[in-house]
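Look at the two complexes coming up: subunit A is in both, with subunit B in one and subunit C in the other.
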Partner chain A sequence: MGARTNSPHRRRIEVPLTAMAIAHPPILSRCREVLAGGPTEAARRWKGPAIGCFPVYSPVEIFHAAGALPIGIFGAGGSVELTHADARFQSFVCSIAKSTLELAFQKRLEGIGGMVFHSICDVARNLASVYRRNFPDLFIDYIHFPQNPTSSGSLDYTSAELERVRRNISVWLERKITDDALRESIRAYNRSRALMRRLYQMREESPERVNSVEAYQLVRAGTLLPPQEHVELLEAALADLERRAVKRMDRIRVIVEGAFCEQPPMGLIEVIERAGCYVIDDDFVAGWRWFANDVAETGDPIRALAGAYCRQSRPSSVRHDMTRPRHEDLAKRVREKNAQAVIFAPAKFCEPALFDYVLFRRVCEREKIPHLLLEFEEKMWTFERARNEIETFAESLLFE
Partner chain B sequence: MADYKGTVHEHSKRIMGAWYDTLAQAAKTGAPSAYIMITGNCVEILRAFDIAPIFPEVNALQLAIRKQSLPLILKSEEMGYSSDNCAYVKADVGYTMEGGIGKDAKIPTPNLIVCNFVGCNVYIKWFEHSAEFLKAPLFMIDVPFLREKEPSKEDITYVVAQLKELIATCEKITGKKFDIDRLREVCALSRRAEEGWARAKDLCKNRPAPFDAYFDSINMMGPINVLRGSTDAADFFDAAVQEFEADVAAKRGPLPEEKFRLVIEGPPPYPYYRSFRDLFAAWGAVAVQSTYSTVGGIWEWGYRHDPERPLESIAEHMIVHNLCNRSLLERYSQIRRYVEEWKADALVIHSIKSCRLFSAGQGDMRDYFVGERHVPTLLVESDLEDPRYYAHAQMKNRIDAFFESLEHRRIVSMSV
Partner chain C sequence: MLITAGIDIGSGRTKALLLGEDGQILGSAAIRTRANFDAVAREALEQALASARLSMDDIAYTAATGLGRYSITFRDVQVTDITCAARGAQFLFPDTLYVLDMGAQSTRAIRLKEGGKVRDFHTNEKCAAGSGSFLERAAKYLEISVDSLGSRSMESSTPRPISSVCAVLAESEIINHVSEGVPVNDVVRGLHESLAERALTQLKKIGLNGSVTFVGGVAVQQGMVEACRRKFGVEVLVPKDPVAVTALGAAVLARQRATRRMAGAGTSSRS
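Here is the complex of A and B:
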């Protein structure tokens, strides 16, 4: 792991995670239970077919409308020893690609009959091929999402691509996917996405109400639950959090950017807050919170999903959109959300994130936005160094 | 070591030099120019408008060959690029920042940046950055990856729609009206060059192969990918084929003796191009086919630009007929055909740190060829641009050990 900051001094301040201490146990412990069970337990509980969705965005509605449970597969988070994947992917490839492959080699995707990958980067694309060769019994698809959303042909193309996926899933599961079922699934995921937007709104307005680990877990649980259950979980949690008695701490407001695919270890998310930051926005699990507003619930559902992808997607390092340069968008978010700094958290070897960092950094320097770079990888067990870096960084801003 | 030069090399150097002169000229006069990438490119369209094409990948590899890449890479790393980012981009950005592009330089500031996103996702980042640094407009051509056996009707329609939008943009930039007949002429010239390139590759099925289809192919990749659609390129391939046919008739190869026939996968280590080649030459090993030579286009299986259907055939080239827009498994089949039809003894995989498009998963490729196809396979690692990743002694040991074992195998099988 690497961290860079300009500030030379080091001083330890212990900031307690107050919100964690007063967490409402039943809802959050249910959430943690879901996460601990992981993908295989999620598939077992569902009792029907399940499909693994590699990050970032996946058209989950199509799978759900076919009666399959879409499950987010984000690698193994450091929980497996690489015994096969290391021989297939070189040392300079990100951890999520390798550990996602290892899960299948170690038969730890039980109950998951297929995997879908998307046009996010060169590694994910090749990973789809390696999966296909090594696990011929799995259903594998690779989806090419448009990188030119402003062409006159984009919407038709995206619709055709989603129709292709619908056809493939239909053949695989031997099930018809009706427009009605699709609209139903769009409604269900719209609700869970809307509640996640509310959760993020809460973090922006009163970050002391929900700490970043809780928020992360609430969102991440949605990658393992049917949307209806995720909605129930979020509704109950939001009601609890709104009632929570809290006190605002002396912390800086930061945006965390760069962990849209491989997910940082929970320990790192926790350390960012403990070391003196309120995370008021981030791009963790970005694919499952992909749309800025609801997907249309009436009319042709495939066209609605395609239109949403072209016009309602959040800016992301894996999606080109020349009408909204991502670095300018970051500066705008910093202003609008009243953030004091940005923490860049790319996964080690993640090219989309590492490339974007260059333009992000330039815009931060132009706008005088303080920033810190923290690279992470799955197998990261101690966070002392990260904590020191963040503390120094936060203090330098607090005592400015 | 051996002198690998020949008339084909000289010819290539001459016409590529003339292209560089055009760029230097455009920098001075402000004649229209555009950035474009090598892979599955649509240079035909730029040519139809007389827009000078600039290929930053070619500039980057030239910097590496001339051993000028490292300081530029370091310059980029100071700007925040990671040691793990593709070094082609870093060398190019470093070069741009050092004033390599512009009115007083040899390469003009482009009027347009055409990002033909054909497979490599890094292309998008690279040209987003170039557009930002050079303040030039970016035109994205999103080419759907070949994810089924054939492209769909909608894939083709989408690319054609974008090509038409590109044409409208070129009209604006040049003030010229689009002339479809001019595009047809360009496509016919492309076709002639492609015929020659395919024929040249086919000649490597002979023993000995008339040229090294990895190391010598580099000299033909400029003409086919950069100059395609020009008379220069078409004439070049006519002449090259003639020369190779004469070599075949005379049983002349690039080395005094062809002892081993290889298929090589992956880009070469440009900073150590010559010494890398020597390591194979020392064993009498010649590449009879290579995947790198097909990044721009796969012509050996019959695809040609079609003057009758210029836009559709350009779209088909971009989607289907180049290595980068096809899956890793398609690459396995391509290599398998090469090994079988070109009668290769072994596969060498040169794994490149910079280029995950090529390298991510090459361990699986080795597993497939060794385990399922029983093809002797060597996997070595370095980089195509960053000299820090080339360990000469280690490379030599690995290559020598591999050929020793191949030689041993041969003796054993002969004695059986």
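Here is the complex of A and C:
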């Protein structure tokens, strides 16, 4: 057993939250409680069926409309030792796939009756199959989103696929999912997503007011809470943060890109800011903030969700939209948000992120946008090297 | 007048320095570092302000450096001590390309580019054997004051070398020398020679090829400076106040940022 990586006590010490240096609103303490409880506590509190959603995107409204709580399963975040998963995956597979499998082997998904995966990469595809083979009592579904969401047939195809998911969930839970219930769930998640957009807008405008660890925690809490509770949490937090007065420091404004699936340790997010950056945009927990604007709350709800996926999704490394190249979108965001640099933060062995890194780097060099590559893995527990790299990067931009 | 402050929270001492618009040092202070970094930084800065007859409101911009830089809540920016030491040395000796910064806990060899940017560096932070705290402990074992180390070393002509690279083992070696009746001054000079030797190894790693500016708390010991001159074989420049050079570098960088801020460029604001 590797004592260094296995010591949760050590890790807790390594992740002192920036927020603790600032007087943080009590609502953020509530947020941290939710995160500390994790998926099993979230399922226990719900008292109904719960379904695990492997990132990146899941049509959570369908599960919610069926009376189930959609819970984001983002691996184990370094909290478990891999004793089973390593035997089932190659060494070059990302951490999140292995630890997500390990959670089930170690019976740490108690209360979660099913898992949903979708077509983001080969690893996720195989993870769904491995889950199905090893845990026959779990409900497992795998959603095939269209490879080309802008083609003429994509809307019909996606609608049919989401309709299939609705049928499967209905059969599994023995509960009819009505259109009215679906529209109600769309409204609930629209509200939550709108508040997350507001949170991000606030951070973009006043990054000293809401640091990135807080923003991350507030968003991540939404992967463990029913949407109504998440809305209450966000509303209270936003009201508190609006009143916060904090000195703005002289830091570079950066966009962090690449951590849309496996999530970076919070210590790393904190280090990025402490080392001299204000994170003004990122793609953390991207699937739960998937849409650029509200999903239609009237009409056929399945078609509304399908339409939103095909037409309203944010550019992502796991959704190929040739009409809006992701790297060009990045350059556009840098300009619009007045960012000074980009930090690429892909998880180790994340193929979609690392493939896109080539394109991202190319556009950054073309546009003369300073950039830094910072790979991470969920069991990362010491951030000294990352801090040195980021600090040096920031200093190279701040000082002539 | 545009006044900027540089604060360097080192493991031994906290230094604050105020810089005027045209580059003159308006005031400085150095106090012992305590556990509450924010409070000790304020205290050092207030002392520097008092010496310059200025107040907090006069400071346009504050740059923090040193191990406690993240804890200074009133800072505008934090900068690594390597960058600050380089800028401070370059401010005083514009042609310098190699800097040796020997503090209480760490020794850094820094190579500069033209203009003062850092090109390369090497640090010994994993072990205190090559730094000021080692000398402090040695002084304790030798039952002499730290302040006397520099002059005692100068009085010796037959240094007794300390061969160990480990602080703990080196201490045993010192005790052995004392028990064998080796004169204290010879042991002190041996310590300085030993430290200079280790510093030279670090400087060689960054490609030493020119004069060295020696800064940090250890550079106040004349015996250490002379040991470096003998070992390095190049000119060794020592500022008048080597302890404050890193804080000076922070203040210089603060001035650069403050000037840019006033010009409305390169800030973290959303325009």
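General remarks:
Just so it is clear, the second predicted complex is superposed on the first by the 376 of 400 C-alpha atoms of A that agree within 3 Å, B and C clash if a C-alpha of one lies under 4 Å from a C-alpha of the other, contacts with A are read in each partner's own complex, and residues count from 1 in each chain.
Everything that follows uses one rule, which is that a residue touches a chain if its C-beta (ideal position, glycine included) is under 8 Å from a C-beta of that chain, and two chains touch if they have at least 3 such contacts.
Small disclaimer: the values here were computed from a predicted structure and weren't measured.
Once subunit A is used to superpose the two complexes, subunit B occupies space next to subunit C without a clash.
Contact with subunit C, but none with subunit B, is seen for A:E391 once the two complexes are overlaid on the shared chain.
Once the two complexes are laid over each other on the shared chain, residue contacts for A:E400 go to subunit C alone; subunit B is not touched. Working from the superposition on chain A, the subunit A vertex angle toward subunit B and subunit C, CA centres, sits at 110° in steps of 10.
Contacts of A:R253 after superposition: subunit C is touched, whereas subunit B is not reached.
Contacts of A:A245 after superposition: neither subunit B nor subunit C is touched.
Residue contacts after overlaying the shared chain place A:P207 against subunit C, while subunit B stays out of touching range.
Legend: residue contacts after superposition of the two complexes on their common chain; A:A36 is shown touching neither subunit B nor subunit C. A simple residue count on subunit A separates subunit B from subunit C, and the partner touching more is B. Contacts of A:A160 after superposition: subunit B is touched, whereas subunit C is not reached. Taking the two complexes aligned on chain A, the least Cα distance separating subunit B from subunit C is 22 Å. Listing the residues of subunit C that touch subunit A in their complex gives 61, 70-71, 73-80, 83, 87, 115, 117, 253, 256-257, 261, 266-271. Only residues 79-82, 84-86, 89, 117, 119-122, 124-125, 128-129, 132, 138, 140-142, 144-145, 147-148, 152, 154-155, 157-158, 160-162, 165, 327-329, 332, 351, 353, 355-357, 359-364, 367-368, 381 of subunit B touch subunit A when the two sit together in their complex. By the touch criterion stated above, subunit A contacts subunit B in their complex at residues 86-90, 92-93, 97, 119-123, 125-130, 132-134, 141-144, 146-148, 151-154, 156-157, 160-161, 164, 318, 320, 322, 325, 327, 346, 348-349, 351-352, 354-359, 361-362.
Subunit A meets subunit C in the complex at residues 21, 204-205, 207, 247-253, 274, 276, 278, 280, 337-338, 340, 388, 391-392, 395, 397-400.
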